[in-house]
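I've put the structures underneath this note.
Two complexes are shown next, each including subunit A; its partner changes from subunit B in the first to subunit C in the second.
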Partner chain A sequence: MSEAEMKIGAYLCKGCGIGERLDMSAIAMITEREAKAHIVKEHDFLCGEEGVSLIQNDIDNEGVNRVAIGGCSRRAKTEAFTFGDIPVTRANWREGVIWIRPDTDEARETTNDMAADYIRMAVAEVKFMHKPEPNEERATNNRLLVVGGGISGMTAAVEASKAGYPVTIVEKTGALGGIAAQLHKRVPEKSPFAEPVDTGVAELIAAIDADKNIEVCLNSTLAKTDGAPGRFEVTVATESGSTEEKTFGAIVQASGFTPYDANKLPELGYGKSADVITQLELEKLVNDGAGDIIKRPSDGKQVSSVAFVQCAGQRSDKEGHLPYCSGHCCTTSIKQALYFKQSNPGIDTNIIYTDLRTPGAGGEDFYRSGQDKGVTFTKGNVSEVSSEGDSLAVKFKDLILNEDAQENVDLVVLATGMVPNSGPNIDSELTEEEKNAEEKPISILNLNYRQGSDMPQLKHGFNDSHFICFPYETRRTGIYTSGPVRRPMDIFQAKEDATGAALKGIQAIENAALGRAAHPRSGDLSFPSFQKSGCTQCKRCTVECPFGAIDEDEQRYPQFNEARCRRCGTCMGACPVRVISFKNYSVDSVGQQIKNVEMPDEFDEKPRILLLACENDAYPALDMAGMNRIEYSAFIRIIPVRCLGSVNLIWITDALNSGFDGVMLMGCKKGENYQCHFVKGSELAQIRTSKVDDTLQSLSLEPERVETHEVAITDIERIPQLINDMAATIERIGMSPFKF
Partner chain B sequence: MSNGNTALAEKYRNNFLQEVIANVEEGEWVRMCMQCGVCAGSCPLGNAWAHTPQEIFMMIRAGKREEVLTSDSMWMCTSCYNCIVRCPRKLPITHIMHGLAHYAERMGLAPKNQPTRKFALEFWKNLTKTGRVNETSLGVKLYFIDGFVSGIKKGLAALPLGLRMFKTKRLDPMAMISSSGCKGKGDIHKILAKAKAIEDAKFQSKNA
Partner chain C sequence: MGDVIATNQTILVVGGGISGISAAIEAAECGKQVILLEKSPSLGGRVSQLHKYFPKLCFPSCGIEINLRRIKANKNLRVITMAEVAKVTGDAGNYSVEVKIAPRFVNEKCTACGDCSNAVESEFDDEFNYGLKQRKGAYLVSNMAYPQRYVIDPRMIGSEDANKAKDACKVGAIDLQMQEESLTINVGAIIWATGWKPYDAKKIQPYGYDRFANVVTNVEFERMADAFGPTGGKILRPSDGKEAKNIAFIQCAGSRDENHLKHCSRICCMASLKQTTYVSEREGKSTVYYIDIRAIDRIDDFYQKVQADENVSFIKSKVANIIEDKDGNPILKGVDTEGYNRYENQHDLVVLATGMEPSIPADAFPMDIKINEEGFIEADESNGAIFAAGCSSDALDVNRAVQQATGAALRAIQVVNKVAGMEG
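Right after this comes the complex of A and B.
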């Protein structure tokens, strides 16, 4: 749209005390003459029916096609201030100005400066915002692919089918059921949480067999997965060698876990005595047993005493052991001890644990039930299990009595952990050991993505999920992991997880059909586009995209897959030649805001500090600081950004060049326990800004002038403090010499 | 229960735990302990005990019959009820401690010179004799609990206090001799004898 066709309406609200605090006539003049809004109107109560219809009327009859509103934060009154697809910007006068400034004569001038700058910025921004174009990639395929036919996969399939979506299950083995099918019984999930109950696997399989909406491909794997939400092209290969092309809307990866190899635990007697078994082997033993009698494997003697060794090869730093807790094993051992108690209450069952963990609402009740039925719990550290005559000697340190102890039993059950079936780690090169290993991790999805064949992993081989804030999320839009491939979990949790994953898949299907973004910018219709002519094929965008949304075409130009994109703008922040932009968010839409801040000259003693604040945590926290009337410096100018990852270094350079005395960046926590809504954005921003020092040096500016902070949404008091600290720093080191 | 003292419970088997469940007052609760240690941390006299309640419960599970029953730990309990109030599993720990002490006494394993035990026996004797506690005679008994010489010494040390109490009619030396027992103390003796018979019978039937 050309300048001539653009008609900007600026609407200045005087409600919520804004009118009393600000010099509205002066600001209206600035909006008209300096910011050059075409229509400027003041109103006492803009979010009311009358105010909203005032704006709507100008849109309908006066040809207003851009709206800038001075009033409350962009996070408030969003429904009232939405006018179809007309771009709207907001000058945050309420939470960002009058609520954070003292109502004194002294402060009046700087407070007014602040409000005037914010409306200048809002009008400047809206000039560079355009209606999003229809997404060419919209595709409708509502079939869900579930990879894995265990308890998680079957649950996901059943739940999706219940919601009216057809499902295809691809299962590697010849039968549905997975590990849960090998169990005798399972831990109860309903009150009174007292007795082991039926696994429910048979029921699930029957439900799937009876469901015409669910297609099951046994003995099958994925040979290739390509495309994006709404149009995943999948090659399903069967064991016999035949392949079939199928199209899906979304994918749930429920590839489950492999039991830890107990052969790595010779000190606990595994492999040396047939009477040392794992939990899963005990399930088989009980299933095979005649009636209620459990016989030990070595000589078929009826078991009269059994010891359960918890954390076998788990929660340990030793090489080859699992460093994490598998979550289910304590309750599983209680369940298994009850198998024995049910057959004969006189059987001694001793669970030797270091920390007993029984997660879930019923976990504690089940623990009590075990104690009540006479299962003994001993806090101890098992060091060795060895054969001693006719029995097994379990040597351990009793941690309550602080002494070495020994118990002789007929059978020892090792609580070994879960190893996720998450495929190869796409972010790391294979180590020598892994290269030489007989069994290399096999790709589950065989994704034809530029960033790798499988879902990224976070820790200990588990697939990355946004586990602190949005545990159902993954880093590949439209592909959701569920069950123990994501984190160790029991059947109850896996079912719940699978239901969540199925719903996420359905969301992705629906969003793809409408060309909209998925979480966290759900509903966003904009998507990144790039100017091919300027692209240098540096590959930063394709490498850095946290969601693997960008592939490379044959000519090695980036190829955006809009349906995979989460609209964080990390690619825009990465691009050194600034050719990537969104229709309503671009290098210009932010850059122009920076340029339109009025820069007082050096001797006015009014420094200017730019704060680029992540809209997910930092900006809401700032709004809440306003609600709590926490004062901070009037010299700050805050611009919300989609993610720190979208911050292009040019903004910082421009700000410093145009006379800003300081630049602050606030984003979410990065690293292993990240809270960044876009996973990697905050981390990438910090890597990029670490290179700002060169810019500062070339401008002969002090390094203190640019700061990056990790903040959380709860830092309501800390963020104002950080701003005030920066203002104090500027006062100490002096004003920037770049004010012209 | 003649051979009970000699038959050593096998380690980490349920034998001793079963014995406690069957015979000790509130003993069925021992299996519900989750070893959190809040009782141990809450006991104001915990430092003075050889074993905290948490340890005693673990020792019971570990089958350490001799060690538990000969321990003086549960005799140290002052019934402040801190542990009961705080136990997240709602174990009546104070009652279990007294139950264990009582059981140890019955088994003849209680430490002979444990002062609380000695006091308890004197108190019981004094009380059941007439159906009413004679404070003066109980007091004198306690002065001499550690022998004649120590009794005289303690008595002399407390003499000024005793004289003042005498002057204000708070102490009647004659009461020591002219016991003011309650009416029908013969009936009380009968009641106690019957109660003991019932308890013994119960114990016999459980451990038959």
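Right after this comes the complex of A and C.
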């Protein structure tokens, strides 16, 4: 849109005390003459019906196509101040000015300066905001690909199909069912939570067989996965070597787990005695005996006593052991003890545990059912299992009696854990162990993405991302992991998880069809565009994108896959030649705000500090500081950014060059317990700003003038303090010499 | 309140805590029409009253901020607060739901400027802080309150203060004549996410919650750790305001107990482990009295980290009873079952890890629904298109509650898509 077609309406609200605190006529004049808004109107209660229709009327009848509002924070009255796809900016006079400044004669001038700058900035920003154009990348394939035909995969398929979406299951083996198909029975998931129940595997397989909406590819794997949500191009390869190209809208990865290799536990007798078996091997033994008489493997003798060793090779920092708890093993051992009790109540069943973990309503009832049926529970640490004559000697420290103890039994069952089938770890080199291992991790997805073949891993090999508020917030849009590949879990939880993952797949399909972003910027229609002419092929954008959204084309230019993009702007922040932008968020939309702050001269003793604040954590905290009337320096000028990762260094150098005395960046916590919902944004910003020192040096400026802080949304008192500290620092080291 | 438009292709979500919010927004972001009802004046539920989440020790308000932004941006989702379901009739794909909306006495004109609150003097127990502090009779529930709109406490109606509030409002947002409203809406599927309440600690008589000032619950302790809570983020003894440095956590207080809640509430172990980090940060010592530490699955490493903290010790014991010495110090008595040693330990403050009880008593549901012995909703064909989400279905942590709520959203979508298919 040309300058001539642009018509900016600026609406200045005087409500909530703003009119009493600010010199509105002066500000209105600045808005008109300096900021050059085409229409400037004041109102006593802009968010009220009359105020909103005033704006709407100007849009409808006066040709206003950009709206800048001076009033409350953009977090307040958001719905009232949304006018279709018309770009709207907000000068935060309430939470960000009058509520954080004292109402004194002394403060009046600097408070007014602040408000005037914020409306200058709002108008400058809206000039560089454009309606997002429909994304050309929109694609409408609505078929869901489910990788893995175990409980999780089958459930995801059935549930998605029930909602009307076609599904293809790609299963590596020759049959559906996964590990659950090897079980005799499962832990109950409905009251009365007392007896083991049917696994439900046959029922699920039958439902899939009967469903024309579900296609099953057995003995198949993914040879290649390309594309983006709405248009994933997948090469499905069969064991026989044939391949087939298929297109999908979204993917659920339910590749499950591999049972931990019990051969790593010789101290517990595994591999030495045939009568030391894993939980999974017991299932087979019970199935072989038709669930009736359980015979021990070594000599076929009927088992009259059995010990279950919990946490075998788990919750342990010993090399080769699993550091985590697999979650299901306590109830699984209770279930298995009940197999014995059902065949003969006289069989001794002893579960040796350190912490018995049977959570929820069902878990505790099932535990009690075990106790009622005579299962023994012993709190102890097993150190050794060895053959002793005709039996197995289980040596353990009895933690209740605080003494060493031994029990001789016919059979020992080891509760070994789950190892996720998550494929190679794309973020790290192979460990020595992995290099030497006969079987290296095999890629599950074979993603043809610049950033690697599989889903990133978070911890202990599990695919996951944020795991509290947003369990499905993965780092590859449109691909959702489900089941034990995500965290250890039992059948019931795997089914719940798969249902949720299926929903997210469906949502990705619906979003892709409309060119809409997934959360946290849900519904955002903007996407990054880049000017090829200026690009130097430095690859920073392709490397730094937290979501693997950018590939490289044959000529090694970045190739954006808009439907994979989460609109954080990390690519924009990374670009040294500034050729990446969004229609409504760009180097200019922020840069012009910085340039439009009025810069008092050196002798005015009015420093200017720029704060680029993460819109999810730092900015809300600042609003809440206002709500609690926590004062901070009037010299700060705050600009919310989508993510600290979107901060381009040019903003900082421009600010310093134009006379800002200090620059602050505030973003979310990084590292292992990161809180950045764009995963890496905050971390990348910190790396980038560490390079600001060179700029500072070349300008002969003190390093204290630029600060980066990790903050949280609860830092309602700390952030104002940090701002005041910066103001004090400027007072100490003096004003910037770059004022003009 | 404006017209509420709903059809049998609409999904109704009952309860605006983290599970209800998640189910509602996930369904709305699939393009479905959703109505979200919340009984209290603000969304957020129990999690909004927590200081931090385990295991990342991050802040619930961070995730709430993102979810609120999703809600503000989504035209498919309508939020109605102060609303309760009185009655549900009908069948899957076609329910009629009677909703009662309590008067807020503040209309949508409210700008949340706070003038009404400044004008009034009457104070009441602050529910958001479990009554540990007072709030004004005209109030905003919390810093994160959404809708960002004040509330007039109904107990203030008819008083001089109520008129003061009304007079102080410059935009005419206060309507003291507001009455309870009734609304009947037609929906296709219902997601029930009314969540949990803390088990009433008074019922655990040997621990003297109602007799000893320095015995508090885990949910109250969360408020104490919050900088904007009743103690300004300091851990102070209710009896004398002194800083508590030697704190006992009693696990399974009223849980895993046939006399109280027979289920394990799943979250209390991790919650207490998390709370020991609040104590350690403030240079105090923690002692955790436990039966089993249930730091389930991948987050077991959090337990390992806390075990490595020398300021935290663990005693395997179900505490028998608590007495108080003359200085108000709670003294815990019991037997350490690891080695069978009797103890009599003095602490500054006791935190009861009370469990989760379903918010709605088994006999108080406004519809036919299958409930298990513990009071949680059980998935069953006979429930039709009413699906439980989050802690209405079991004692769950936040991650599992959201996961489960996301699944519930799909179950509801299956029903309304079927309706849409039949209606063309």
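As a convention for this text, the second predicted complex is superposed on the first by the 720 of 740 C-alpha atoms of A that agree within 3 Å, B and C clash if a C-alpha of one lies under 4 Å from a C-alpha of the other, contacts with A are read in each partner's own complex, and residues count from 1 in each chain.
Just so it is clear, contacts are C-beta pairs under 8 Å (C-beta built on N, C-alpha and C of every residue); 3 or more make two chains touch, one makes a residue touch a chain.
Values in this document were obtained by computation on a predicted structure and should not be read as measured data.
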Under the stated touch criterion, which partner chain does A:Glu510 make contact with: subunit B (first), subunit C (second), both, or neither?
second
One more residue to check, A:Asp372. First (subunit B), second (subunit C), both or neither?
first
Partner chain in contact with A:Leu356 - subunit B first, subunit C second, else both or neither:
both
On the A-aligned overlay, A:Ala163 touches which partner chain: subunit B = first, subunit C = second, or both, or neither?
second
Quick one: is A:Arg732 in contact with subunit B, with subunit C, with both, or with neither? Answer first, second, both or neither.
neither
First, second, both or neither for A:Lys212, with subunit B first and subunit C second:
neither
Of the partners subunit B and subunit C, which touch A:Lys691 in the superposed model: first, second, both, neither?
neither
Quick one: subunit B or subunit C, who's touching more of subunit A?
C
Which partner does A:Ile400 reach: the first (subunit B), the second (subunit C), both, or neither?
both
Between subunit B and subunit C, which residues of subunit A are contacted by each of them?
356, 368, 379, 400-401
Once bound in the complex, which stretches of subunit C touch subunit A?
18, 25-26, 29-31, 53, 55-63, 65-67, 69-70, 72-74, 109, 111-114, 140, 143-144, 148, 170-171, 226-228, 256, 262-266, 292-298, 300-301, 304, 316, 337-340, 372-374, 376, 378-380, 394-396, 398-400, 402-407, 409-411, 413-414, 417-418, 421
Using the touch definition from the top, list the residues of subunit B that touch subunit A in their complex.
11-14, 17, 31-32, 34-35, 54-55, 58-59, 61-62, 89
Of all residues in subunit A, those that touch subunit B in their complex:
305, 348, 350, 356, 367-368, 371-372, 374, 376-379, 398, 400-401, 405-407
Along subunit A, where are the residues that touch subunit C in the complex?
15-17, 45, 47-48, 72, 76-79, 94, 159-160, 162-164, 190-192, 315, 317, 323-327, 355-365, 368, 379, 399-402, 459-460, 462, 467-472, 487-489, 493, 496-500, 502-504, 506-507, 510-511, 518-520, 522-523, 616-617, 620, 624, 627-628, 668-669, 673, 675, 677, 712-714, 716-717
